[in-house]
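One structure is given below, encoded as structure tokens.
The letters A, B, C and D name the chains in turn, as written, and every chain counts its residues from 1.
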Amino acid sequence: MTWLSYTKALNRALGDAMAADPAVCVLGEDVGAGMAGPTLGLQARFGTDRVLDMPLSEQAFTSFALGAALTGMRPVVEFQIPSLLFLVFEQIVNQAHKFRLMTGGQARVPLTFLVPGSGSRLGWAGQHSDHPYALFVHAGVKTVVPASPADAYGLLRAAVEDDDPVVVFAPAGAMGAREDVTGQLPPVPLGSARVRRAGEDVTVVAVGHLVAEALQVADDLDGEVSVEVLDPRTLHPFDWAALRASVGRTRRLVVYDDANRGCGVAAEVVAVAAEEVALLAPPRRVTRPDGAVLPFAPDLDRASQPQPHQLRDAVRAVVK
Amino acid sequence: MTWLSYTKALNRALGDAMAADPAVCVLGEDVGAGMAGPTLGLQARFGTDRVLDMPLSEQAFTSFALGAALTGMRPVVEFQIPSLLFLVFEQIVNQAHKFRLMTGGQARVPLTFLVPGSGSRLGWAGQHSDHPYALFVHAGVKTVVPASPADAYGLLRAAVEDDDPVVVFAPAGAMGAREDVTGQLPPVPLGSARVRRAGEDVTVVAVGHLVAEALQVADDLDGEVSVEVLDPRTLHPFDWAALRASVGRTRRLVVYDDANRGCGVAAEVVAVAAEEVALLAPPRRVTRPDGAVLPFAPDLDRASQPQPHQLRDAVRAVVK
Amino acid sequence: MTAEPAGTDRGTAAPVAGARRAAGEATPADLSTPADRYRMMRLIREFDTLALEWVRTGEIPGGIHPYIGQEAVAVGVCAALGPGDRITSTHRGHGHVLARGADPARLLAELAGRESGLNRGRGGSMHAADLSLGILGANGIVGAGAAIAVGAAWAARRSGRDTVVASFFGDGALNQGVLLEALNLASIHRAPVVFVCENNGYATTLPVAAAVGGSAVGRAAAFGIPAVTVDGMDADAVREAAEEAVARARSCGGPGFVECLTYRYEGHHTMERRMRLTYRSPEEVAAWRARDPLERLRPAVPAAEIDAEVAALLERAAAWALSEPRPDPAEAGAYLYAGGPPPRPGVPV
Amino acid sequence: MTAEPAGTDRGTAAPVAGARRAAGEATPADLSTPADRYRMMRLIREFDTLALEWVRTGEIPGGIHPYIGQEAVAVGVCAALGPGDRITSTHRGHGHVLARGADPARLLAELAGRESGLNRGRGGSMHAADLSLGILGANGIVGAGAAIAVGAAWAARRSGRDTVVASFFGDGALNQGVLLEALNLASIHRAPVVFVCENNGYATTLPVAAAVGGSAVGRAAAFGIPAVTVDGMDADAVREAAEEAVARARSCGGPGFVECLTYRYEGHHTMERRMRLTYRSPEEVAAWRARDPLERLRPAVPAAEIDAEVAALLERAAAWALSEPRPDPAEAGAYLYAGGPPPRPGVPV
């Protein structure tokens, strides 16, 4: 049994993927030094031609990875800041995501984009605190947000093995998590949700680090409300069958999502539920505000993120 | 009375805005030649220091416009392709959009981004056919999609006068539209929707060029179903009061939106309706598929966009 | 998902390179003799002439960026490449794709949106690709190919192959951030890439002098990349410069940069015909036309014979392409993902 | 929306530049004498020393990128600027912001997340700005300031003002596409910008030699921008080079580029302290420390007196900053938009 941290799980996933397949390589800024955690020790183990320190040229190295993916490699690209994905949106969406369809299926595009520390990192302020996974869902890029160390391992392995581009968000709020694990961890198939807590009265869909908070709120409400907590794990493709199964039973829904409200993942989940399930009460979203820019001061930063007490109130409101 | 085309309306709006305020300037690729339409003749009229032909450096000229906006100008930046917004997502969202909050309100950021010909232009294929307005809604950037020539004029004027960044999408599918107008056209305030057709049984929210198609479908269904067509005009900030008023009455909703399904504007509209209105039937969305990449062949291109017959079927389904 | 449309009869569309190419087996064009090169330039010229006509008649939806006038660049560079090498191309890509050996019939079918097109009708002019020939795609985004080329070059080198990648782009692309980043990346990784700048004097309507501070070759050199300027209307001059850069890259000497001074005879894009644009004088166009790359080579080869051969080939290719079926609209979402569940449709089924 | 916190008592935080600055009126720092420049370098040094301490104690949430060691660059460049000029800064921005004359008390308050901070506690270290002093912001995205500077310079010139904009960035930024694009844009528009590259040898852990093909000045020159390299540990050398570039830019001679060879004594970011990184040898750090820019100027000025003055000033500033109120969490969304309806909250109210 190992007391595995989330960061170490990512690190192990990369190491195992590289050991299993010589086509896997890792590139990004300061990956040699392992600054962000997931690449720690990999350069010493696999060499500088499989763990590449890149200059400050995100656009070029993202397309560099695409070129390598089209010609036999399985690159993993690490980004130090979630909003660096804005900088390479063209390269990920317009080039990598579209390549296969535009060429009539001539190529596979096995590319993984890893963002360790997405969302708020207290004190990093406006340009470093985004949680922009909905952008990739909208664009149609496969997107995962692991909530636990085991899932971080399993989903990252699956992402690297996948033949399409996948963006992996590792929320800063989850990276401190630890978990007891035994033996070899299995990959977690993309597109499979996980019921983290069974319940009868209401389904709470929680994303990433908010899964732990949702479980806590569910525990707090124990006796009062029976809360089912569903962790989608993959946001695209979403496990709609799992949502249908859960909400079809509870017929009440709250989505807990640390991202901007408008056109977010919470909106999509609520929309699908409204289309497909005869809900007993209006669904609720607990999210960041519209167009949120996280202010620096800690109280303001926290106030811009969804709060457990808001989730509790929302759960109570839908079961009322 | 003038038979005003949509493109000419944009052109007139820019000309009038420049005549009214010497701080307004226009920049982009081939704006001198007026290649895309909206800037035709402006360089001859206002000079090369107010209508700037820019080199192929979208990122730099977007931030250039930001620098000018912070120091007294009101730049309008034209982009030739909707997906060029991917290329400058960093500059628009991380720099321009966030600037004001991050500096504690020290500056206004009057910037307009104009995309003439968004969405599918038959034959332009995968990288030129996006309709990515939901990305900006999610990020919180003001976003408008005018459906008619008069609205194109009025909303572009309002966008240029606004003290925040605004993205104006002029759908290729609307740019052929013409309309009889008289006298000086008024600005259209951002955030105000317009009921284009009153109805009793169902609200159809249609975006951009799809407003005309929705009106046609509503006419076709006349006698069978009484359809209200709501044109939000601004997608962010959205006129939620107008949605509430309409759907509160009809209690049935279909959204007709030429953009990718997941986390799109249609999802947001459906989500809000589900949260706030006791609907009599499950709402429906008629959109592009998830993560759509428009294939080149015309039949495939059209098949990837929402179709009038799909809207008709959806309307019938919700009133059934 | 659609399966590969196997067994489609492409017999009538014998590849222009002729003998070296067995059915179904992708072999780059053989451009080793002057006649080969003249033939390929003629093919490109006539191909795009036909394509212009098809845009006019609507056989090609949308439009194209014609390559006419720039043939010597594509042919000169591709003549310097070996069978395992690769290219990245641009929005103005027909010349590159053909010169690398793509089947003109299948390219025509692509432009006409047919299932047997190079990209099964999914890509069209701006996305034409043939990965079996190492063509990593035309590209609708200016400057986007360069960094893809660097990555492909690095990957090949890493796996022990001595593959070189040639990356084509225009003068306008010299101002794209990602391309400038790519020059640096290639330099520090000593990636076997040959950057080919087709300086045709304009980015759409913007003249180079108004757009490019400094010079193309000065820019490349500043990133530590050896750079030369050659007459892009002379296929041999281009080929020689490319051969030198290819040889150096192949022998681990790092990237090279070749600026080819050239000209497009037609408008930027077929849409331009509808506008009255005045950014180029008729005299300027005439002066460049007088330096035509085909005319230059003509005396040295059996031109009349080749011309007839190319005309016949294109006629067969055109007939074949137009007889090919269009893709099934039900397959509009095919090929979006290599694996996993199919994308949700825009309306529930 | 919150109103400007008017009337806040900042009396105890007299700006370091002293006499020239009246209450409430923004005036750039006066750096005209060696003593002024020494004083400012000392202020920056002690400010960041205090900030490091506040990161340790948690008064500053998150962390900072300390400027210690690079003081001569900010001070040398800002000494060359006039009152109407502007700057863009970086993630490592305290030095630039202070050297331009921002109130150290308000910058401290900002770093401690107080309502009376420069940005009302909304920005923190990486976004510190004071537009009244022409400081268009530190920036969390490497390379992002350069094009903003070009636009601001162009706008000023267009409105007939002879304003110059100095844009600071690191050696790492030399590889960012948007910065390279900005060099070109400045060149072709002859924008009055002085690009200041603070080459401290590393982008986080990556040494310049492994990252930058060619050289910084070679790159700028290739875009048509006159470029020089100076000793960035010598405030006077920096100032002289900056003065030349500023004068040329002001008199419509176009942009200039000054590379300053400098060094950061501390880790890249305060987080680095927790990691055992070995990318710089202790000998290398020691060698650069031996060339300290403050020690160099010390003999020429009444150093002990100034040091005491600065210490006293910082003590007052720190006490004031820590006594200032934190922003009201209810105002977390304030200042997002200049107009229109307020943003919808994350839960309906």
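Here is the rule we use: a contact is a pair of C-beta atoms (placed from the backbone, for glycine too) under 8 Å apart; a residue touches a chain by one contact, two chains touch by 3 or more.
These figures come from a predicted structure and were not determined experimentally.
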item: Most distant chain from chain C, judged by the mean position of its C-alpha atoms; value: D
item: Cα-centroid distance, chain A relative to chain C, in whole angstrom; value: 38
item: Between chain B and chain C, centroid-to-centroid distance (C-alpha), Å; value: 35
item: Interface hub residues of chain D, defined as touching at least two other chains; value: 119, 121-123, 127, 139, 141, 175-178, 181, 184, 188, 210-212, 333, 336, 343-344, 348
item: For chain A, residues contacting two or more additional chains; value: 55, 57, 59-60, 83, 87, 90, 94, 101-102, 125-127, 140, 237, 262, 275, 284-285, 290-293, 295-296
item: Chain contact graph, described as a line, ring, star, complete graph or other shape; value: complete
item: Chain C residues touching chain A - in the complex, by the definition given at the top; value: 1-2, 4, 86, 88, 117-123, 127, 129-132, 136-137, 139, 141, 144, 146-156, 158-159, 165, 177-178, 181-182, 184-185, 188, 334-341, 343-344, 348
item: Chain A residues touching chain D - in the complex, by the definition given at the top; value: 29-30, 32-33, 35, 53, 55-57, 59-60, 81, 83, 87, 121-128, 261-262, 284-293, 295-306, 310, 313-314
item: Residue numbers on chain C that touch chain D, as the complex places them; value: 175-181, 183-184, 186-188, 210-215, 218-219, 221-225
item: Parts of chain C lying in touch with chain B, wherever the complex brings them together; value: 60-63, 110, 113-114, 119, 121-127, 139-143, 172-177, 203-206, 210-212, 275, 277, 279, 326-327, 329-333, 336, 343-348
item: Chain A residues touching chain C - in the complex, by the definition given at the top; value: 25, 49, 54-55, 57, 59-73, 75, 90-91, 94-95, 99-109, 140, 142, 162-164, 190-191, 237, 240, 275
